[in-house]
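Structures are listed in the sections that come next.
Heads up, the next two complexes both have subunit A, just with different partners, subunit B and then subunit C.
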Partner chain A sequence: MDQIFFVGLVAAAFRLATPLVFAALGEAISQRAGVLNVGIEGIMLVGAFAGAWGSAATGSPWLGLGVAIAAGAAAAAVHGLLCLHFRVDQIVSGIALTVLGLGLSGYAYRLTLGSDRGVAIPSFARVDLGALGELPVLGPMLFQHHLLVYVALALAPLLWWFVNRTGWGLAIRACGEEPAAAHAAGIDVLRVRWGCVLVGGALAGAGGAYLSIAQIGNFVEDMVAGRGFIAIACVVYGRWNPFGVLLAALFFGAADAAQIRLQALNPDVPYQFFVMAPYVLAVGALVFVSRRSRLPAALGRPFTPPR
Partner chain B sequence: MKRAFATALAAAAIGFAAPAAAQQELKVALVLPGPISDGTFNSAAHQGIKAAEQKYKIKVSIQENTQSAQIEAALTRYAREGYAIVIGHGFQFAEPAKKIHKRFPKTWFIVNTAKVAAAPNLASFDNRWGDAGYVAGAVAASVSKTGTVGHIGGIPVPVIQEYQEGFERGAKRIRPDIKVLTAVVGSFSDIAKGKEITLSLIERGADVVTATGNENVVGTIQAAKEKNVMAIGTAFDSAALAPETIVTTAIIRMDVNIDMAIGLVSSKKIEPKNYLLGFKENGVDLAPYRAFESKISDANKARIKQLIEDIKAGKVADLPKIR
Partner chain C sequence: MAPPLELRAIGKRFGDLVALDGVDLAAGAGEVVGVLGENGAGKSTLMNIASGLLAPDSGEIRIDGSARTFGGPRDAAAAGIGMVHQHYLLVPSLTVAENIMLGDPRLRSLRPDLRRHGAEIEALARRVGLPLDASARVAHLDIGGRQRVEILKALHRGARVLILDEPTAVLSERERAQLYEVIRALKRAGVGIVLISHKLEDIFAVCDRVVVLRGGRVVDAAAIAERGGDALVRAMVGADPPAGPAKAAARGATLLSVHDLEARRDNGAAAFAGVSFELHEGEILALAGVEGSGQQELAEVLAGLRAPVRGTCRFRGRVLAGTGAHRRRAHGIRHVPHDRLRNGVLPRRSLAENFLLAHWFDAGFRRRGLLRRRRAGEITRTLVRDFGVRGAPGGPLGALSGGNQQKLVVARELWGDASLLIASHPTRGLDVRTVAALQAALIERRNAGLGILLISSDLAEIWQVADRVMVLAQGRLRGPVPVGQTSLQEVGAWISGA
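The block that comes next holds the complex of A and B.
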């Protein structure tokens, strides 16, 4: 393994992992409160579109990111309304959200940006970390990324501290494990779950926006291309722990970065072998991990406060 | 003013009446696998049908984003509604069309970018993607400074494999020692991975890249733009996206396919066979060099022009086989 290969691989791993980190951390928070959202693929698409649209409309990628976060939360509110208010099955609602997000983002794109091909979508520039970025080897690997990459990395410890070391975090965990007991202790379970669903949606929206206004600077239909589902795998693989989730996302990013490089170096091996490798790893890891992991006890179960 | 209006009205009335009496309006359905906004494969078909709408007396219906499992139902529905021409855009339409065409003898089923045909009413139009790739490879080898060029395919369906094979051979024709790197995204819509995979080829020294597929092509152009290397577009001329990056585009004239199909059905000259269109038939073309006009030597330009003439005349021996 030569140096160009390794440096490129590590840098690409961070870029490929970032949308997963955002979405998976959001999903982890939602699941810790007991709400399974399999619709993050759709939310990420909504976020990707909203980010591009907001950025083009305002001329600022930051405002675009804000629009994406708001749109992600709004899309998640549909899930919240269906699951928390109308007590619809969470899987069914999530699947509906996936399909809705795909259609909605594609349609909205065509009504707005898609009908005007010349429109510029302002995008985040890479942060200039001065001397750090100039370092040999380490510079290109670690210090030449978009700001959102570092935001994603910083989110993990922040959320870990929030979930494990604060009163609010305790309330969230209680709602995911023993909602009846949480209710008896005076916690408004539905309100906590609503909050976590919205935060989860906001983060998935940010993950989608990373794709559209940092990595690419463009929106295309179905550009999330399955990352929402890999993010759910990251949550299980990371055992609902923000640090674990971060590691899982980085692992998938690295696996993908490796497969695209190995492909070009091994033209004689059928390409399918490389393309499917990260997914094979995902399935294999899940089989292995799920035997020893325990999911939040009340995950996927609706809660009605006793009267 | 009033008189002008009346005259215009009368003219319009005559204008509408005459052809309607002579020829009945044909109903044409275009079934697409993706969105008309993809900027490449589906956009090209959409552009083609729009042009045909102007040219022929037809009524057009378009269905986008058709998943493989929905194809048969979509084709059947249009045939049942009495559409004279049902065009499936993509090789995945071949099998479903083959399965149902006999049940609707009044409808012509046309499959684009496939090689299927069956009596009495199933024909297909395809382009010589391999020849397009051959010329693209020749251009790439002519402008490359590092001696390494790359091709990134979305999913290696037959036409993409033909393009890749052509790209390699065309590049080697100009420069036998050239290194051609290839990779596959595994998706047509994953623009981010299309970009990453292109960056990995640029890391390995490629200074001219080309890509085939749908939106993934945009990712390749982006990566080339970011890293200041050259790109060769495919299928749909989108030089405006990155005028400083795109040397030229190996255009697949899917609008010509559609125009020809509708024209042949209108004139009742169509036969149940595969129509294969290359440079000679105007089904494949090379876009102007535009911003690169001054950056490519006259000798190289003449060489490419001669190559296209040789292909038209059937004088190039190692063009890729049609799969």
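The block that comes next holds the complex of A and C.
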């Protein structure tokens, strides 16, 4: 294969996978505690807008990221309130959140940044890793990305360690598998689930902000374009294990990078076919994987403490 | 020395029902006390009070001689009372040590030392004589192993008295023997044990003393050496009640003939085997036994809801092959399921729609593929009147009281050309008037030629309405025998496996 083509593909795979990694890891945490959040698409949009707005308002992409994380957690709090407090069906609440996020981000954009065409949105620059970035082949593939790409990659082992090695992780797993047993053991199931929902929202918000203030440098309505749903597929594909989720996200990132290149190489084929490809891949993968996968036993089931 | 757990004159009412009436119970260190009684005798209520799940209306709980009030299970656990429920509260995907340590404050750290805690747990396990691999996943343990984890969990939290609720109900023969060993080891380690059971075998195998409950009262309490099995069964079931109204004059033709039937539970374990009996027109055949002994599975096989492993059922001489409730209903086989809300009705739909649920396939309710809702509504109104159901026929069934729901279910099943009724606990949990009305309806239809298989754990009811009685216990069928030719004691002994 053409070397330049391959280098570009791998580099793009990392870039395109990063928002998926953030969102999917957040979703994985939430699901391990037993809360399904199909609204991360909406949360990512909120995060994308909040990141752009915060960055423009403060002049710092870092503060913008902070605003996006807070906004993501706030959007997830809506889900937490509905599902954990009022025990609304988690799927219904998630769908509502998707639509809410789409409307809210678009509306807020028109009110603020959208009405002022000239506003500049400070964005993350690529990190300069010195000699590493200069390496032939490996340099452009691995060492010329935004800092957030490396943060996403580092998050996976960190979350794996948290979930599988710490006492809090144990409590999270117990709440997702057998909340009645966790409650009987004195664990506050609702509090654990609240924490995981908020962390999941914060990560989805960060994933959205990556799109607006690292990848593109602007906010566009509906710019998440289904990545929230792909992230949910990544969680299933990665079997709720942070490392598996990371691999799944990289795989979908690579698929996305490949379809963009195939579009360019095949101008005769309607481009929609290539845009569709990652989603077809997601559905196909789920059919094969989900049959064998063991999801958290209490996923989607509300828990009401006795008495 | 005062016993670690003592219950004095405990009373508890649920509405009009007196669940417990002045019950005394004490468990000393290193003592095994058996609590024996039928379903509904008050065993579970008593244990829920001892473990802090329920508050007593009267009487007192004494721990080491001083009176205590429990605000919840955590208070009871802090006082050294450990409860091992019939349904284990374990997380299957976690290890033994993780399950036992779950919720322990020492685990609230970034680097919990599970290996050290695991070693501690294994040391405790060795000390009380129930060795266990702390790093094994609970999902890989058998039922007996999970039970040992539950026991160890209670001991690890400092329990000095363990309450075991029907611990042998789900165990195999071999696991039961192992549990007896565990109980003896705990006794040697100085743990007090309250063993709730309806099996005489358990009581005689490990208990020092026995307390017999019937109708919420202590009817017998003695050292185990002073009592034989006969005396305990007599205390448990009481005196023979008077037989009910006149039985069917003549036995009708054979309706249902079951031969060498065998079936499994949902989890794959054997439910029963070698079951053979006949049911005739115009008789009520009662199936007694403790719940969970396979009665539900037998009812499901007969109703076409569960495939048998082997054996045949013949209805009027024709083999009933395969499953499918629909075809059996077309034969006139009707079923009142034991869990009405899950398998019997749609609580949010109207009474008429619930009627149609069992009869929509009847040609009389369809015209060119459309349901004849008006006709169903008319019939439902007649049923509501005839059976004295209180509630609006057009409103949701769930708005009715449990008794009225059950009346409608029975009325629905009896409607049309019913020839065999399988009724699982049709009167359970209902008030006296509804029970009497339903029993009268069953007897009336019996006299008109209907064959009824009545599954009940209430022996008084069986004596009241049934012509013959049989018992399913430990997967085997005893009987059937005519009710007039047996005694409560004989049937009680079958149920207890004596």
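The definition used in the following text is that the second predicted complex is superposed on the first by the 299 of 307 C-alpha atoms of A that agree within 3 Å, B and C clash if a C-alpha of one lies under 4 Å from a C-alpha of the other, contacts with A are read in each partner's own complex, and residues count from 1 in each chain.
We take it that contacts are C-beta pairs under 8 Å (C-beta built on N, C-alpha and C of every residue); 3 or more make two chains touch, one makes a residue touch a chain.
The model shown is predicted, which means the values in this text are computed figures rather than measured ones.
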In the overlay, answer first, second, both or neither for which of subunit B and subunit C A:I69 touches. neither
Scan A:I4 for contacts with subunit B and subunit C and give back first, second, both or neither. first
Between subunit B and subunit C, whom does A:L190 touch in the aligned arrangement: first, second, both, or neither? neither
After superposing on the shared chain, does subunit C or subunit B touch more subunit A residues? B
Touch check for A:R110: first (subunit B), second (subunit C), both, or neither? first
Could you say whether A:G217 touches subunit B, subunit C, both of them, or neither, answering first, second, both or neither? first
In the superposed arrangement, which partner chain does A:G167 touch: subunit B (first), subunit C (second), both, or neither? second
Okay, in this complex, where on subunit B does subunit A touch? 34-39, 65, 150, 156, 181-187, 189-193, 195-197, 199-201, 203-204, 215, 218-219, 222, 240
Within their complex, state which residues of subunit A touch subunit C. 165-168, 170-171, 173-174, 177-178, 180-182, 184-187, 297, 307
Residues of subunit A touching subunit B in their complex? 4-5, 8, 12, 15-16, 19, 106, 109-110, 114, 117-118, 211, 215-218, 220-223, 225-226, 256-257, 260-261, 263-264, 267, 271-272, 274-276
Spell out the part of subunit C that touches subunit A in their complex, as residue ranges. 72-74, 89-94, 98-99, 101-104, 107-112
